[in-house]
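What follows is a pair of complexes built around chain A, which joins chain B in one and chain C in the other.
Up next, the complex of A and B:
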């Protein structure tokens, strides 16, 4: 039996609304009245969730677990799905800052744009954004040493600056472009940008993999090794496609230019630039 | 009991509990995938002398990396034996093969939550061959190791799955001539090779030098199965061969579970009988005192128990 909690935003918050309690795994056992009574930080005061949300709960024979559907423009609603451990969160619109931050499992689908700090510090699960993502996707909060450590962030549109900054594991795949400093100080994990990237790719990276198409200018602290077909590429490509992102022109038999870097940080990281046929 | 004029002896095959696993090996082309599979399953006919029994199960229907690949089955007496031998085989026979990669094969024959399934590590141990230049890559929930080699990278999964399997299912075909017996054995092997989850570890799927436990020589643990050797029939007391029995071939079967071994024995015996010409089918056992699994031929073939 699958429980579907279908909520609609009745008014756009005038101030940021902190909604870390809106998680399918937390709401799974609650009635609508209990959900409406959940306290959320609204500006500098507490407000009941029911002041902004109305909806219904349905149960389906097929499937199991909980699915939380949020309809409306949630761009001013922060921390949706933060710390989520299981279930499915579908946002039928935009989502605000910190969506899926510290997420451990489950799946978040955002059918609009996502705000900054998407999936920051996440350790598991999958976030799929059909629109664009803001800055610092999968990154570490300021003062923290490790960003996302597992799971996947799949962005169909573009991404902002500092994508995957200090990431320690997991995957960020961007179908469109991204702004400056992708993989800044990354320690492990994989970032793929199918479009164009801003400058300073992999600046300060210690380990990990950044995959882009050819034509990007790398920092002088990256050294070219060879042209080859990484055996893991087809596995990664299949996994990304399983998550719903089709990479046109990125075939299974792609060749890549392999660069090691950043030399100032040990040179164990790699940048793979897709070689055009 | 007779099938197509072939006598089926009222006896049983005695088999043993083993640890088994499936590896999927891939390469840039079918040619090199087959080379890799044959290399890693080479010299693995019997645990007595090889420490492991292995077979190329067949072309893999869907490899993780999308390249041509083959599934290979391995069986050993213990978990440590299987893991240790495979580490050497992957390192010496597979990693050395051009363009190869190695993945833990799925075990759909065993329920996912079965307590029989356990994990063991190959990639995480083999990675040190990279001399510090190795790198791991986590895709989904699986960690792979990437070792720099002279033609690029050797990719191997970090952990593999093994299960409790069955080794030593067998049957012997007794025929009037070498050619007739070989034809029946080939038909049996061809039929069994259509099944998944079973391995025929001997060359070509059959063995001509069946063994008995012990020997008149103290230093030898096993020796030729004198009761089934036609050239010494008249010299051996209690020979199992009759006048006109001029050749015997045996098929030994390991499987990922008991049912698969039984099914393979049945399919193989039926194919051998359908081929015609052989005189008798029997099976090897040790009186039922050593092996946990007993495959009674008449029961397998739907006759009386």
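Up next, the complex of A and C:
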């Protein structure tokens, strides 16, 4: 039995609404009345979720677990799905800051654009964005040394600055472009950007893998190693395709120029630039 | 009336806080100032003259009425902002933090759009730094990166850095080398022994290459003629050699570094470079703070809340996230529904979109002089001028606290008194 909680945003919040309680695993056992009574931080006071949301709960024979569907423009709503451990969260519109931050499991699908700090510090689960993502996707908050540690963020559109900054594990795949400093100070994990990237790719990276297409200029502290076919590429590519991201021109048998860096930070990171055929 | 001469007065224009001014006061008015730069002189002579009217919604009001109106606006707000403080004393900053906490509002200062990135970088990688006294007495090499003190900190050269005669630099300029890194020739660069005119936005790349040169790491893709930030690599080698050979170097960095592409990451890389250079000789870095007490804002905010800028109390405890809680971003997104502005002029400093957002919400401003913001703010409260008619503490750019004295009387209260009055009324309104 699968429980579907289908909620619609009845009014766009005038001020930011912090809705970390809106996550499928927490709402799974609640009635609609209980959901409407949930306190959400609205400005500096609490407001009942029912002031902004209306909807229904359906039961489906097929499947199991909980699925929370949020319909409307949630760009002013922060922390949706923060810390969720299981279930499915589908946002039929844009989502605000910190969506899926500290997430441990489950799946989030955002059909619009996602705000900044998408999946920051996440340790598991999958976030799929059909629009664009903001800055600091999968990154660490200020003062923290490790960002995303596991799971996957799949972005169909573009990503902002500092994508995967200080990430420690997991995968970020961007079909479009990203802005400056992808993989800044990353410790481990994989970032793939299929489009163009802003400058300073992987600056300060200690370990981890950044995959880009050819033609990107790296900092002089990245050293070219060889041209090769990494053994993991086919696995990575098929995983990304399983998550619904089709990469045109990124064949299973393509070659990569391998650069190691950043030399100032030990040089154990790698940047793979797809070799032109 | 006799002329009273006050010596060792602190100038409150820039972060250099020159404390050797001589002010001549006659009939409760500053009539002459000595040992001061052009801007400091203007501020001292006219800083207490052009007082705004005390107004509430455009109508002349008493102070009590203005306090009541301010407290009402702030207490009713659901997302108020307490912002500014760059030109007022640390004691007023402290009450500002209290007010933000009581209001459960946002709290930010002007460093959010000037040297804030430098503060964030310092949190990440630390800062090997010294005092301006050490720079004066010991530094035989000074580097200005993205800073033009000849126009922004006019007495910096003569009091602290390039020309100052110190214990180990008795000949002043002759005992020192000077290098400037900037995107265009400036009056400061004309004095430099080495000037590097760099491509805008290339600071991070330059600092990275300099680190590699200092650490003698291979740079296989570059030759001596390769341009790094628009300057040949050979010239950067020259700078590195100069640093390695000097006895004591101070790198002063300005807004050219903190507000160009990369922001805090530029400063992080510069600080790492400075740390690396300490393998060879003593090298320190220091931000060229702009407004006189903007460093004091960071100091007070940190010891009160744990964070230097971009703070939110909306959960009852301080949270910090530049980009989310910083003043320009909050205003641009419309996240604020009332604002109290202390000792700054947002209409002159902020982007017009942020100013438009301020104009749409109840805005209270405390200012010692008429400004672009006092023209339209809903509540305008005139205050005494810090360093002239109000005493208190300012923090110099090297984190040294300096006491300001009151030398003339003013009919209006200080920022501290106004904030305390508003705080009391907000407490009563919120029935704490």
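We adopt the following convention: the second predicted complex is superposed on the first by the 277 of 277 C-alpha atoms of A that agree within 3 Å, B and C clash if a C-alpha of one lies under 4 Å from a C-alpha of the other, contacts with A are read in each partner's own complex, and residues count from 1 in each chain.
Everything below uses one rule, namely that a residue touches a chain if its C-beta (ideal position, glycine included) is under 8 Å from a C-beta of that chain, and two chains touch if they have at least 3 such contacts.
On a predicted model such as this, the values are computed, not experimentally measured, just so you know.
Visitor: Look at where chain B and chain C land on chain A after superposing the complexes, then choose clash or fit.
Guide: They fit: once the shared chain is superposed, the two partners occupy separate space.
Visitor: With both structures superposed, pick whichever of chain B and chain C touches the larger number of chain A residues.
Guide: Partner with more touched residues of chain A: C.
Visitor: Which partner does A:238 contact after superposing on A: first (chain B), second (chain C), both, neither?
Guide: In the superposition, A:238 contacts chain B only.
Visitor: Output check: A:11 vs chain B and chain C. Expected answer is one of first, second, both, neither. What do you get?
Guide: In the superposed model, A:11 contacts neither chain B nor chain C.
Visitor: According to the stated criteria, A:64 is in contact with first (chain B), second (chain C), both, or neither; which is it?
Guide: Once the two structures are laid over each other on A, A:64 reaches no partner at all.
Visitor: After superposing on chain A, what angle in degrees do the C-alpha centres of chain B and chain C form at the C-alpha centre of chain A, to the nearest 10?
Guide: 140
Visitor: If we overlay the two complexes on their shared chain A, which of chain B and chain C does A:229 touch? Say first, second, both or neither.
Guide: So A:229 only meets chain B here.
Visitor: Can you give the closest approach of chain B to chain C, taken over C-alpha atoms and in whole Å, for the superposition?
Guide: Comparing every C-alpha of chain B with every C-alpha of chain C, the smallest gap is 19 Å.
Visitor: Can you tell me which positions in chain A touch chain B when the two form their complex?
Guide: The touching residues are 150, 169-171, 189-190, 207, 209, 228-232, 234-236, 238-239, 252, 268, 270.
Visitor: In the complex formed with chain A, which residues of chain C make contact?
Guide: Result: residues 77-80, 103-105, 120, 123-124, 204-205, 208-209, 211-212, 215, 217-222, 228, 261-262, 265, 272, 313-315, 320-324, 333-335, 337 of chain C touch chain A.
Visitor: Inside the complex, what are the residues of chain A that reach chain C?
Guide: My answer: residues 14-16, 41-45, 97, 116-117, 135-136, 141-143, 180-181, 184, 199-200, 203, 219-221, 223-224, 263-264.
Visitor: Applying the document's contact rule, which stretches of chain B touch chain A when the two form their complex?
Guide: 64-67, 101, 135, 137-140, 144, 146, 152-155
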